[in-house]
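You will see two complexes here that share subunit A, one where it goes with subunit B and one where it goes with subunit C.
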Partner chain A sequence: MNLFEPFTIPYMQRALVEVLVLGALAGAVGVLVVLRRLAFVGDALTHTVFPGVVMAHLLGRSLLLGALAFGVLTAVLLTAVGRHRRVGDDAALAILLTSFFSLGVVLISRTRGFTADLTVFLFGRVLAVDRTDLVQTLTVAAVAAIVLAALHKELVLRAFDPEATAAMGYRTGTLDLALNLLIALVVVAAVEAVGTVLVIALIVVPAAAARLLADRVGAMTALACLLGAAGGWLGLAVSYEASVDHGVRLAAGATIVVVLVGLFLLAAAVAPLRRRRAAAGGHP
Partner chain B sequence: MSLLEAFGEGFTRRALLEAVMVGGLCGVVGVHVLLRRLPFFTMALGHATFPGVVLAGLLGMSLFAGAAVFGAVVVLVVALLGARDRVDDTSAVGVTLSGAFALGVLLLSAQAGFSRDLTAYLVGSIVTVQPGDLVTTAVVGLAVLATLAALHKELVLGAFDRGGLAALGYPVLVLDVVLLLVIEATVVTSIPAVGTILAVALIVAPAATARLWTERLRATMALAAALGATSGVVGLTISFQWRLAAGATIVLVAAVLFAVSLVVAPRHGLLARRLAHVGPGSAPTSSRA
Partner chain C sequence: MDPDLVLVLRRATVAYDRDPVVEGVDGEVAAGQSVALIGPNGAGKSTLIRAVLGLVPLTGGTIQALGRSPQAARRQVAYVPQADILDAEFPVSALQVVLMGRYPRVGWVRRPGAADRQVAARALAEVGLAERASARFGTLSGGQRQRVLLARAIAQEPRLLLLDEPFNGVDALSQDLLLAALARLRAGGAAVVMATHDLGLAHLACDEVCLLNRHQIGFGPIGTTLTPELLRATYGGQALQLRGDGVIVARP
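The block that comes next holds the complex of A and B.
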């Protein structure tokens, strides 16, 4: 299989840049998601931006702005409703997720071409990414990366020791909101190009694999970025190879996810060996 | 009047019957889902049965059987992955969810014309429910309710005090798997008619709403079942009247019931909490504010 040859074609180049940037960004945010056990929040956000995308589409505005508005709305509602003890954060998430998604479906069911739109939203069209999409993704990704870099220490502290974070004078509620907004930014940056199913995979799978292989948060983050980007690259190459050379049409987004899950399973297989060696007394 | 006429038609009557049965069943099961904090698992189950449905479709087998088999596999995978100490339950569910769903898409993308089937799978097509689907729903529903009734005491004890249940000599793991399989059966039964998203909504929203109104478990279950069935009927009525997507409208009705209850419910509602916070003396003024 050739890892470089497909990417001489312009649309494959744009797709590659898109998945490399998103893979790295989602990997970095994903480590926090996995440490805080927020995979469900990621899943919820990928669904709740849907009505925003639909409304923007109906009004002829930028899809990104619509997604951004609903991403922020969800992040705020989640942080607020999840604090209600009798409801619980997971129930609140499930209700927000399903009702926002349904709102999108109801809105879009009034238009023509209903099923095609829904499919694009779910699986994206990474091979049809144009220059404008790329610029938008890069801008949102840059904002998310800056926020992440600025708050990284606080967010990690919050993940491991909420009491100490509060005692040191940080507002944990604000930090939670910041993390939810960060996840929303990743989803928004990615959703138009690669679809919701791929976004949640990019966030959770590389980070979960990195967690199996690394102990320190810094190493975990670096590894997750690397795995996310590598999975994107490999997935695109496999999908291209299968479709062009072997006549088996494999959807690009879904292939990337399957490659990522393969990397995760590999990590799960290797992790016990590494652990045994570490337990043997740290000899090199 | 057109509304009444619409309800005279065979397909609308079948849709209503299905909505009432699925709504009631999901409501009862949902109380257990919330007690064990399993909404994310339920969501994953809905997505993860997808490759089973696709495979069954390709092989010309019953979609229901395909979903059921794959759902059982997912229950096992999540249990195994979650048992490793470095992979927490949430991440295990997240990996399984996206991996299985992508596998389904991959299988489907190798075929032509895949977008229509997928939409029906996600948001359901309750108006095309067949008499056979109704029978399946009724049979599975009765089996699920009978299981829950027979094991009620054990399951509730397990939700609140796993250690206590084990100490009393019950097989905790077997009970866990039974509950997960009950949830799986409910989701799989609901999917052909109402879709994955709606199945999760009908399991979580009515149960969460009922929990705001009452603290007794049996009352919660009865109320959740009633709310689920009501959401189904009201949602269908609205969708027929204004020609909206049926499944999605049902979810929105269930969500509105929840949102209203979150504000006005006695004791646990936001208004009641605020009043209790301010104190009885100043209650009237703050209730007006």
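The block that comes next holds the complex of A and C.
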């Protein structure tokens, strides 16, 4: 299988840049999602952003802006919900998630030929990414990366010891909002590439795999970025080869996710061996 | 206010929805002094600690830490929670946990520098864990983890230290090392307030005691305040646990 040849074609090049950047960014943000056990919140965010994407499409405006507006709104809502214990986090999240998502489906189903549009929003269309889309993705990714780098040590502290974080004078509510906004930014950036349903895999799977292999947040983050980018690259190469050389149509976005899960399974298989080797080596 | 006083409480009261959780706490802690907060479960010890940290608002009375409100004094106040509430699988080393104590001084965006690392390394050595600096936090024993959390507080260079049951489930060696580190902190001028169930350790580590059972029953030198009658008033008919040796049951 050729890992380089498909990428001499311009649309494949753009798709590659898109998935490399998204994979790395989602991996880095995913580390915090996995450490804080926020995968469900992350998933909820991907569903609540959906009506924003639909509305932007119906109004003929940039999908990115629609997703961004709803991303910010829902990040604020989810942070507020997370801090009130009455209803129970899961129940409140499930209500938000399903109601927003249904709103999006209702809106889109009023147009003719809606199933095609729905598929794009849900599963992405990375091979149709043009120069403008790429620039938008890179801009959003750059903003997210800067915010993540600036707040990283405080976000890790909050993940490890929320009580001490508050005692040291940090506002944990603001930190939680910042992380939710970061997740929302990743979802927004990924909407056109892999769609809202699959972006959660990009966020969670590389970080979960890295968690199995790394004992430090730094190493875990580097590994998650690497795995995220590698999954994107391999997924594109595999789906290209399948469709061009073997006539089998594999959706690029979904293939990337399958590759990522494969990498996770590989990590899961390697991890116990690593632990045994470390124990035999007499680590303290 | 006397500059030597690190903590002043005047009829401090905390209530949730008009239901007082702890009320009428009145006392002073000077630099270098150590106070044990003693009382049964639910007495309000943790709530009082959170009030001194400025994490819960007072509904009555005042608290002044270093002459300021609790929120304003936070930079000079360090908190040591119980180690067993933390995630043992978290991918962080002992030294990295101690380094977290430097974050408020480092500030936003910037990373800890060489000077911060030195302070952290020294704090870890103070609690006898220098050679475990790169061990993952979760691989340490309970007592060692508690020592790491104290080292994190030491790295904050505080003038007031608050500890919540620091000796719970801690091995004897760790206990001795914790006591020694606390003594050094006090010698350096820091004041210590610790919630504890262990009356024997309270005698070893503290010179004052505050007896709580939702309201203050006594606050003063340990010799004159930790008396059988006041203990009976604090604990009601419950059992009192002495260090390892046995149990006294106070008759109602």
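Please note the rule applied: the second predicted complex is superposed on the first by the 280 of 284 C-alpha atoms of A that agree within 3 Å, B and C clash if a C-alpha of one lies under 4 Å from a C-alpha of the other, contacts with A are read in each partner's own complex, and residues count from 1 in each chain.
Operating definition for what follows: contacts are C-beta pairs under 8 Å (C-beta built on N, C-alpha and C of every residue); 3 or more make two chains touch, one makes a residue touch a chain.
On a predicted model such as this, the values are computed, not experimentally measured, just so you know.
Participant: Which partner does A:211 contact after superposing on A: first (subunit B), second (subunit C), both, neither?
Facilitator: Both partners.
Participant: More residues of subunit A are touched by which chain, subunit B or subunit C?
Facilitator: Of subunit B and subunit C, the partner in contact with more residues of subunit A is B.
Participant: Quick check on the superposed pair: does A:250 touch subunit B, subunit C, both, or neither? Answer first, second, both or neither.
Facilitator: The answer is first: A:250 touches subunit B but not subunit C.
Participant: Does subunit B (first) or subunit C (second) touch A:150, or do both, or does neither?
Facilitator: Once the two structures are laid over each other on A, A:150 reaches subunit C alone.
Participant: Taking the superposition as given, does A:164 touch the first partner, subunit B, the second, subunit C, both, or neither?
Facilitator: Once the two structures are laid over each other on A, A:164 reaches subunit C alone.
Participant: Could you tell me if A:201 is touching subunit B, subunit C, both of them or neither one (first, second, both, neither)?
Facilitator: first
Participant: With both complexes overlaid on chain A, does A:98 touch subunit B (first), subunit C (second), both or neither?
Facilitator: first
Participant: For subunit A, give the residues common to its interface with subunit B and its interface with subunit C.
Facilitator: Shared contact residues on subunit A: 211.
Participant: Spell out the part of subunit A that touches subunit C in their complex, as residue ranges.
Facilitator: Listed in rising order, the residues of subunit A that touch subunit C are 35, 150-151, 153-154, 156-157, 159-161, 163-164, 166-170, 211, 214-217, 219-220, 284.
Participant: Which part of subunit B faces subunit A closely enough to touch in the complex?
Facilitator: Those residues of subunit B that touch subunit A are 34, 37, 39-40, 42-43, 81, 84, 86-95, 97-99, 101-103, 105-106, 109-110, 114-116, 118-119, 122-123, 197-198, 200-201, 204-205, 207-208, 211-212, 244-245, 247-249, 251-252, 254-255, 258, 262, 268, 270.
Participant: Per the contact definition, I'd like the list of subunit C residues that touch subunit A in the complex.
Facilitator: Per the touch definition, subunit C meets subunit A at residues 53, 55, 71, 74-75, 77-79, 81, 85-87, 90-93, 96-97, 100, 103-104, 106, 108-109, 111-112, 131-132, 135-136, 139, 152, 156, 162.
Participant: Using the touch rule from the top, collect the residues of subunit A that touch subunit B in their complex.
Facilitator: Subunit A residues touching subunit B: 34, 37-40, 42-43, 47, 81, 84, 86-88, 90-95, 97-99, 101-103, 105-106, 109-110, 114-116, 118-119, 122-123, 197-198, 200-201, 204-205, 207-208, 211-212, 248-251, 253-255, 257-258, 260-261, 264, 268, 271.
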